[in-house]
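Below are two complexes that have chain A in common, paired first with chain B and then with chain C.
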Partner chain A sequence: MVTRLDPKTFDADAENTWCPGCGDFAILRALKLALTELGIAPHEALVVSGIGCGSKLPDYMHINGYMTIHGRPLPVATGAKLANPDLHVIVVDGDGDAYGIGGNHFMHSCRRNPNITHIVEDNQIYGLTKGQYSPTSDLGFVTTTSPDGAIERPLLPVAVALAAGATFIARTFAGDPKHMAAVIAEAIKHRGYSLIDVLQPCVTFNRVNTYDWYRERVYKLGEDYDPTDRDSARARAHEWETRIPLGVIYRNDELQTYEDQVLPLQAGSPLASVLKLQKDPAPGQYESLKEQFL
Partner chain B sequence: MDYETFLAGVQQRGRLGSREETAFVTATVLRAVAEVLPMAHVESFATMVPQELMVYLRGAHQEPDPYFDSNLFLGWVLATVDVTGGRDKTEGGLDLFVAYSTDEAIDRCRCVFGTLKAVLDGPQSELLSIHLPESIQQIYAES
Partner chain C sequence: MIGVMAPQSTNDLSIMIGGDAGQGVESSGAGFALALARAGLHVFALQDYRSRIRGGHNFYQIRVGEGPLYSHRDPVELLLALTPQSIPLHLDNLHEGSAVIFPQKWEDVDVSRLTARGLTVERLPLMEIAERHGSRLMLNTAVLAAASAITGFPLDYMAGVIRENFGRKSAELADTNLAVAQEAYEVTLDHFGDSFPHRIKPIEGAPKRMLMHGNEAIAFGALAGGCRFVSAYPMTPATSIIEWLSAVPHEFGMVTKHAEDEIAAVCMALGASYTGARAMTATSGGGFSLMVEAMGLSGMTEVPLVIVEAQRGGPSTGLPTRTEQSDLLFMIHASQGEFPRIITAPGTIEQCFEAGWRAFNLADKYQCPVVVATDQALAANLRTLDMDAIDPRTVEIDRGATLRPEDVDALSEEYLRFRFSDDGISPRAMPGRETAVLTVPSDEHDESGHINEEPGVRVRMMQKRMQKLKTAEAEMKPPLLYGPEDADLTLVTWGSTTGHCRAAADEINAAGGSANVLQFIDMWPMPVEAAREALDRCRRKVAVEQNYTGQLALLIRMTTGVAMDDTLAKYDGRPFSPRQIIEGVGMEVASGHKA
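Take a look at the complex of A and B:
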């Protein structure tokens, strides 16, 4: 029997503790819409998160979920993808998790190109710990850890991803859930590492970068924009203070994924073998696997 | 109704401290309304809503995002409310202390909606209401 997918398919019973009005709600909804549109069922996907408000997201979805330690969802997701390349692996974490604590993993995921979709809830602040400045906070941003204003220049994640070799880089805005769902769907379809930097207000601790603030600055890249043109992407990647581009900023669909190049996977993944074994184990297969992997 | 009378109505309903704060609250709620009200309907409010406030409504989109929900609507208002603390509602949750400003944001919506309803005629009030996200419609109805 074929079950028709619906965004409600992904609804979970867990009580949601995000602040009402938080952009995380829109991201959660957009992800459900994107998965529904692509016909990806809950058992066919895994959402890996780090630590932070937005990283509670797997708890609020009926889907395979894994909350890792701070900054580490990308290596865990890469491992999951290697273990089961058939799984759609999606990482969801915040700007502090992705670009700060996990900055090293972010950079190397860009160059490795595992087939993972990385959604970064970029609210320019650490919200869960009650408001400290993050790697993407603007200069002069006043927080509990920068009472005189942040003195560090903000990281430009799109520019970093481009320089580090990411094959799909997009930006969207939590205030535009339809656009966000379309961009997430496009990123999931891309074979390789895809970064989606989601501009998302923290309605409680960031009183500067509000919905209003973003609305005045964001603009959608037009149909005449060519995301395969690296020079155009470089120019867009540095746009920030007064005009902020939304959409697919760069894509390269020609490169092989990380797992495409791992030779043992070409003969079938280890997890796939185990699952087959569980269905119909032949005498001695468990022992053989143990010798092979343990 | 002129602009100052409108603001006085909002200030009285919301028991807001100053005219400046009232103007800010009003603008914030109307900007959120502009996110859900189709541009084609905006000018039909021009004869009833003070021109100083039509500026915010004219920020409407040709086609509002169909997935713009109550949380997003409240988010526009919440971002301007001072943070208050409360206990985390989850059992064994990671947060020991969590911020809630929702009640204040809803009150702000109410005082602006209440004044808007006073200046709009029945059909216009209905037109506005049907374009609001579901939970916000409820707030509008109770205002």
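Take a look at the complex of A and C:
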């Protein structure tokens, strides 16, 4: 049976607790549109999230979802993808998850290149804990944990991802739903790790980086921009304070995914199908392993 | 004194090899142990090393016997010294009639001090032989050949191992080592003849036996039990689990992942398990500390998870290469909040194999984290096993209330992942089918999986989860008794200490005493009734364990109300020797710390 897809297919009957005007609503909508456009049904995808306002997204969506712990959705998703490569695995988390507590997993996912789409809801603040500065907060940003203004320079996620070897790096803006849906769809289509840094205003706790603040700075990369050119990407990756590029900043479609290179995966059936295994189908197979101890 | 060594013996001795890290102490010891196993003998081999790649004293101790061995034994009859310092360091391990073999070149060795103790001392031109044929690095080969000669153990066995081990690198290297071995063997035979009273005699027609350690047995058990995903971060003494599984042929479909840290390792296993694969991670206490939050995630989201925790001396970096059993209460209480978990602690290599596959059945049936708790001594010490001790045909695979894709497709009503049930277990569907699309949150949730903080839902969901612990208790293994059912003294123990307690009880009983061993295997949930019954039958109960606070004794008291009469605690990082246990309990635990 083929289910006819409609963005409504992904609607869930759950109470949404996001603040009115939150950029997360637009991200949720864009993800539904992207999946619809690609013809990926709810049971064919898995959304793994971390902890934070935006990480509640799977609860507000009819889709396979695993809401994990703070900073750890990437390794959970990596395990899930290795065990069942048929699933479209999407990670949704925030700047605290991805660039702070889970920074190690972010860096290693970039160079590892699992076929996972990583959507980071980057609002430059910790919202769920009511307003503390985040790894992407700008210098001087005043919050409850930086009353004298933040004195650490902000992490530039696009530059870090590029240096760490990511094969698809994009940025989009929650104030531009169409652009967002198109970029997410493009990222899902990419075979390999794809980072989408989404500029997502927190309307309650971040009164600096507002929709207007972003609108004054963002610009879309034009038709003439070549995302496969690493040098151009490097230049755009460092643009931040005054001009912020939107679109696919870098892509390399030549590299194999991590899963593609795992030889035992090619030799056997998907790990998840071990479920079928009731009894060792060939005891001799295991018996032969005993020889090495003689 | 119990168990005085006979002045003469056949196939009943202990050999020690001492040297610096980088001299091949471990590979030499393991090679000699393999040669002995191939000669039909039973072997127990203990490795003692430091956390460094070069330098620092290491030793390897091999006990040889004709029946199954569960422990090393002091004193040793033969000390093979690869460095001059090995001799004074191990003087107290020797007794009258023991022999010390070392190279002639070491003129500083105080021979008179050794002979005054009744030791047989022989300077042999072993270094010269090694250098003449190859290099001083081949001293270990010379020494092993000398050990063969002095004990009357035919060189063929050691030569076979040398040929295999060095042949893997190059035929020339194998030939050179064989030449060293041959000459060292002949020179030693010229010196000693058959004067050394402790002999090694191959047993003709003996059945083949495997030489294996606990980590290999767990890994083998896991593989045979259908585990197909292992993610880990290297940490002594657990590393050989992922190493062994990484080396199995690709046809098994065994996927291993050396992750960026232990948090990633445990989370990858959890992700793989969520989609239906049997997945595990393996670590030691430090790595387990990092996995604790994810263990709670497994508990809350009811995703099966197997963690092997091979304990070592703590706290912090502690004694990185040494043994301890000090994480027991930590494993039982690890992670915030309350959720069911199962802790099983094998004590023998056979039990390690069983724990390796059984852990996955328990994890699937109770949809919770299962910790296989071992310790460095069990993880790394080698023992000979009969071929049928590791029998893949005995493996049972029980996935509990796991729904197959066809079961999910046939669902007639809305699928509720966390459906309330009497036993606390809810049928588990994997992602991938249209009829069971849902989100599994780490937040408290309702039966369908949506976040829910209503007090009524919370209470029922807590009760549902915790009920699984009660359900599981019915299939937890009762403590295992070794030795006579009725005894004056019961050694109450767990983990690798079991083997040393068994050897101690055997010695006590052989000398006319009366002792048995009560080994706890399933630690959590504690099979309370069975444990109480077993303990009630004991007279004097002494907990023997490798930690400061007597954690097994505390756990038993906490769960059963039964108090030990004494606790013999050891926390120096070295395994108990049977003698230390005998003296410890005989002297009212005066030689150990009384917890």
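General remarks:
What we mean here is this: the second predicted complex is superposed on the first by the 267 of 294 C-alpha atoms of A that agree within 3 Å, B and C clash if a C-alpha of one lies under 4 Å from a C-alpha of the other, contacts with A are read in each partner's own complex, and residues count from 1 in each chain.
To be clear about the criterion, contacts are C-beta pairs under 8 Å (C-beta built on N, C-alpha and C of every residue); 3 or more make two chains touch, one makes a residue touch a chain.
As the structure is a prediction and not an experimental result, all values here were calculated from the model.
Of the two partner chains, chain C is the only one touched by A:K290; chain B is not. Touch criterion not met for A:S146: it reaches neither chain B nor chain C.
Legend: residue contacts after superposition of the two complexes on their common chain; A:N252 is shown touching neither chain B nor chain C. Note on chain A: of its two partners chain C and chain B, the one contacting more of its residues is C. Legend: residue contacts after superposition of the two complexes on their common chain; A:A83 is shown touching chain C, with no touch to chain B. Of the two partner chains placed by superposition, A:Q132 touches none, neither chain B nor chain C.
When the shared chain is aligned, chain B comes close enough to touch A:C22, but chain C does not. Looking at the shared chain after the overlay, A:P201 reaches chain B, while chain C stays out of its contact range. Within the complex formed with chain C, the residues of chain A that make contact are 1, 3, 12, 14, 41-44, 46-48, 51, 56, 58-59, 61-69, 72, 74-84, 86-87, 104-105, 107-108, 262-269, 271-280, 283, 285-287, 289-290, 293-294. Residues 28, 31-32, 35, 59, 65-69, 71-80, 83, 88-90, 93-95, 97-102, 105 of chain B are the ones that touch chain A when the two sit in their complex.
Residues 37-38, 208-212, 216, 220, 223-224, 226, 228-229, 231, 248, 250-255, 257, 259-261, 263-265, 267-279, 293-294, 296-297, 301, 385, 387, 390, 392-393, 395-397, 399, 402, 404-405, 430-434, 436-443, 450-451 of chain C touch chain A in their complex.
Interface residues of chain A, counted against chain B in their complex, comprise 15, 17, 19-23, 25-26, 29-30, 33, 128, 130, 174-179, 181, 201, 203-207, 210-212, 215.
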